[in-house]
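Following this line, the structures themselves.
Each of the two complexes below includes chain A, the first together with chain B, the second together with chain C.
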Partner chain A sequence: MAGGFLSDWRNWQLAVAIGFVVIAGAGGAFAGSDYFLQIMVLAAIYAAIGTAWTIAGGLSGLLLLGYISFFGLGAYVDGLLFTKFGVNPWLCLLIAFAGAGLLAWLIALVTLRFGLSEDYFAMFTVALSQVLKYAMLNWDFAGRATGVYLTVVKDDFATLSFVDRKPYLYIALALLVIVILVNYAVQRSRFGYLLAAVRENSQAAEALGIDSGKVKTKAIVLSGALAGMVGAFYCQFATFIDPRQVFSLATNFEMLLGPVLGGRLSIIGPVFGAAFLKPLQDLLRGWLGGEADALYLVLYGAVLTLGILLLPKGVASYVEAWHRRRYGNP
Partner chain B sequence: MPAEVIFQSLLLGILQGGVYALVACGLTLIYGVMKVVNFAHAEFLTLGMYLAIAAWTAGGVSPYVSALFIFALVCALGAAAQALVIRPALKHPQINQMLVTIGVSTMMIGAMQLAWGPNNLVLSLPWSGATFDAWGVRLSYVRTIAFLVAVLIAGAFWLFLKHAKTGMAMRAASQNPVAARLMGISVQRVNLITFGVGTGLAALAGALIAPAFFVNPTFGTDYFILAAFVIVVLGTMGNFIGALVGGLVIGVAEGLGGLLLGPALRQMVSLALFIVVLLALPRGLFRGKMT
Partner chain C sequence: MSLLSLEHVTQRFGGLTAVDRVSLEVGAGEIVGVIGPNGSGKTTLFATVSGFLEPQEGEIRFEGRSIRGLKPSRISALGIARTFQVVQPFAGLTVFDNVVAGALRGGRETLDDARRVAGEVIAQCGLAPERGKFAGALPIVGRKRLEIARALATRPRLILLDEVMAGLRPAEVDQAIELVRAIRASGVTVVVVEHLMRAVMALAERLYVLHHGALIAQGDAREVIQRPEVVEAYFGERATHA
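Showing the complex of A and B:
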């Protein structure tokens, strides 16, 4: 077999993505400043969210535009269960996974069953994220606008709380690897081929006996559940969440920028997209300073608009073309 | 609860609904003609408010005069945005189209913040706070005028769509772009006009309500965009009359809902309605018919 393992585009992406994560982890070990680590952890979180999003937003072709609902829900599951009931945060990660998956299932139940067209589905998901925001803003138990604070006094792996920032980086990268592996496994599996069939031609897939609603439901549940888990981790890392932050539409679109510009059918797209864009955002913000927040918005909006117009299929499509030539695949 | 209070909320809801309708009819037309959900729509409303304030503070021009110029100016701006970024995106996947309008929205919020700062501004006419008595309810002149003008303009626009050549071309392009092109209609030109007029109407609505609200760069996103979405979905996306009816329905529902649940949950009412509408009437009040 010419080229062996790497001649398959998905295998090649897996190897490159995991290799990159390992390098990032090794690099993080030498990182001196907390500021730098902070950016790295956030980039890893964005990469994981982006990679999880592509399962529904890319592979299944759903217009899952309001994705932050799952992330925010996961963050609140962890924040509330940990601070109010003392539930172990590692367990919270799993509960957030299940909770966000349940939310995704409910969304699929109401939207797909009623045959909402793609535009309506997109608007519905955006509106839902804001419903959750207003619900949290008005819920006394969840701290209303002030949100939830976690107090961390000492490093404790058992409760996923560290004063030092470095352990968070390793855990964030571990979560990213999990999401990458799930995405890879989906693409390699029979389910992945069903997704491709539904995405490329839903009617033809139906004619072949594929239940496209069921396939899409599975995709959004898996995608949402993973985002919930990452959201729970984010709460542990940030030690402070509030509704305007974890259900922010601006953040929502920032999270989707990586996979869309990187390539929403790829694995390397969301990973490298976030690794490049998230630090760029933070550096731009830091460089322009708090006063020039407006200038940042103008620049960021321009990058978003131009990027999408110039790279409609994402950067990964060019890499894929190169890969095809390199390994001589048809 | 006294009937008087309910009546007051009802009237205020109708007043708000008229403005909603004017904002939503542009959004629904843009969707109808181009099948693009314009996430930047509310930013054009905010821009209209800022321009009205600028005209008032710089030259003492009343918003009811400057509104016309603002409409024309924003029409041109919207058409330029359509030509530069929306048109190239039309051949791309839907998610890209939506994200492009989100990019425009982000740029506009940033630009407005650069120009006018992040803090609340207000256009205080000498009679901004004046009210009159209508059937035992106190109504503000500003809100009433905004409602009447909004309804008038929406009506005039409806006549334009029905009888003017350009209006008929817009309806044709929205119903069947291919057939419209075969009939010799330049769909590209129609797209340009629709986006310009649609965003211009939002700015016009902004100028009309400028004396009644504090404005900051995210005003439109905070208070109008979700309501506008609910309205166009309720009225069937692309349906002009649907947007007008939907505007009034949502205005009243928010007014009464705010009364029952308290002002903090006012926004929840339209969002909850959105979900109910999507579930109960996924194709809107007009069963999926456009215009």
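Showing the complex of A and C:
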């Protein structure tokens, strides 16, 4: 029965999030301007990135602050393999998934094996994203600062290339649905319990036989791999990537704003967070002007910090409290 | 063969020897008490046995095999569960989910099995009325019981209970004593660290007495607590502090 299904907070979130995606897709079908579609696609990408991030940054409690490495790596995997070797972009999505997962595994290996504490882990991930940026800026094969261009001449689903913007919206929303479903499945699974235990108290989790290092590693690998896949799609959509763009710290923090303010342990938080914040960010960026990148970073840093301090569980925690009252759960 | 044996286990922190060449044996089916004044090394000893600290010297055997240097999660998987003196609930999870997390045994059990076991353990520990509440919202007696329930849910062969009676009211202590007896009756061997003498004497057949990290006495509970060195170390110190 539907009421029974929706009385579970996670089920309710799944239904609301998928419903919202369907409405967004239907709305996009009537969108007249490419500018509007562009924002919708980016919002869907941000929502997918945010939802993927919460697996590590929320559910496992890791301070995965430098998350854009996976997105940028995925974008470059697609850009280089497609333009230089003619690898099919759909296949590139899978290779980017695997490649970003591998990067995440290496990060986990280095940081968890050598016991980096939380704050150092956060700084390490931020630093690594900038190391990757400078590596790309100096790599001839990857086009250095000018990056990689894709030339799209006709609509072709088989190579994930379209002149029309609408197909990108549908594919972005489909990717978002995949990430939402993965997140939902993780939360409901045995692995979700292990994540929750490690997040709440890793010492107590260890005492119960839970290998917290292994659990965190799995979380960051899955989280990173999904971001890599989305990054590869972004490259197809943008048709142009460069290191300053796909490894941008400002973008990194923009992407985390949705899940942090929306609710790191929720599904609706990152989805609605991106849907609301991404257009707002574009407005702000226009208002502050292109020269104001530093100011922009300061502003985001401040909002992110305040959000974490004032709303540790995000806006979604208020919705959850409402849901509990509505369905009479204790 | 004893279930748990320690040989000359030593744990130092810089110049401080918190556990000093401690040897002890726990047989299957026993309830053994470890007592001693504050700071005598009881909790450090538990942390060493459960793998949170690795001893500088000595050997720890469980069911005949060495467990020294193994990770806590590995030791738990072998069948040793512990509670924490300062309770460590998963505050953001419900009581039921806390116990399910234990019953998963690190992911070796299916979720269905873990949920079934969690339900049983919660009933056994008298937490059924609290099962839907968040662990962070429990009063101290509930938190202490939750510590025991979560540890029991891993289905251990040996459980180390660290001060599970501290802070309880007399009637609650009586219930906790009954619970520990029931745990032993279900086939789990018990080691209790406890300050509350009434509870220790009600439970333990044998006692080990620690003082400044070293064992100063061991043997039959009723006999041991009357020895002059124990009275002086344990009760003497308490009397001067009182």
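Keep in mind that, in the parts below, the second predicted complex is superposed on the first by the 302 of 330 C-alpha atoms of A that agree within 3 Å, B and C clash if a C-alpha of one lies under 4 Å from a C-alpha of the other, contacts with A are read in each partner's own complex, and residues count from 1 in each chain.
The criterion applied here is as follows: a contact is a pair of C-beta atoms (placed from the backbone, for glycine too) under 8 Å apart; a residue touches a chain by one contact, two chains touch by 3 or more.
Worth saying up front: this structure is predicted, and the values here are computed from it rather than measured.
Participant: In the overlaid three-chain picture, which partner chain does A:W322 touch, first (chain B) or second (chain C), both, or neither?
Facilitator: neither
Participant: Identify the partner contact of A:D211: answer first if only chain B is touched, second if only chain C is, both if each is, neither if none is.
Facilitator: In the superposed model, A:D211 contacts chain C only, not chain B.
Participant: Quick one: classify A:Y120 as touching chain B (first), chain C (second), both or neither.
Facilitator: Only chain B; A:Y120 stays clear of chain C.
Participant: Is A:W139 contacted by the first partner chain B, the second partner chain C, both or neither?
Facilitator: Neither partner.
Participant: Quick one: name whichever of chain B and chain C touches more residues of chain A.
Facilitator: B
Participant: Given the touch rule stated above, what does A:Y35 touch, chain B (first), chain C (second), both, or neither?
Facilitator: The answer is neither, since A:Y35 touches no partner chain.
Participant: After lining up the shared chain so the two structures overlap, which partner does A:F240 touch, if you call chain B first and chain C second: first, second, both or neither?
Facilitator: Neither partner.
Participant: Pick one for A:L65: touches chain B only (first), chain C only (second), both, or neither.
Facilitator: In the superposition, A:L65 touches chain B alone.
Participant: Which chain A residues lie in the overlap of the chain B contact set and the chain C contact set?
Facilitator: Comparing the two interfaces on chain A, one with chain B and one with chain C, no residues are shared.
Participant: Residue numbers of chain C touching chain A in their complex, please.
Facilitator: 50, 52, 71-74, 76-77, 81-82, 84, 88-93, 97, 100-102, 104-108, 110-111, 114, 132-133, 150-151, 153-154
Participant: Which part of chain A faces chain B closely enough to touch in the complex?
Facilitator: Within the complex, chain A touches chain B at residues 57, 63, 65, 110-111, 114-116, 118-120, 122-124, 126-128, 130-131, 134-135, 137-138, 249-250, 253, 256-257, 260, 264, 293-302, 304-305, 308-309, 312.
Participant: Which residues of chain A touch chain C in the complex?
Facilitator: 189-191, 193-194, 196-197, 199-201, 203-212, 329-330
Participant: Once bound in the complex, which stretches of chain B touch chain A?
Facilitator: Checking each residue of chain B against chain A gives 31, 35, 37, 85, 88-89, 92-96, 98-100, 102-111, 113-114, 118, 217, 221, 226, 229-230, 233, 237, 264-265, 267-268, 271-272, 274-275, 278-279, 282.
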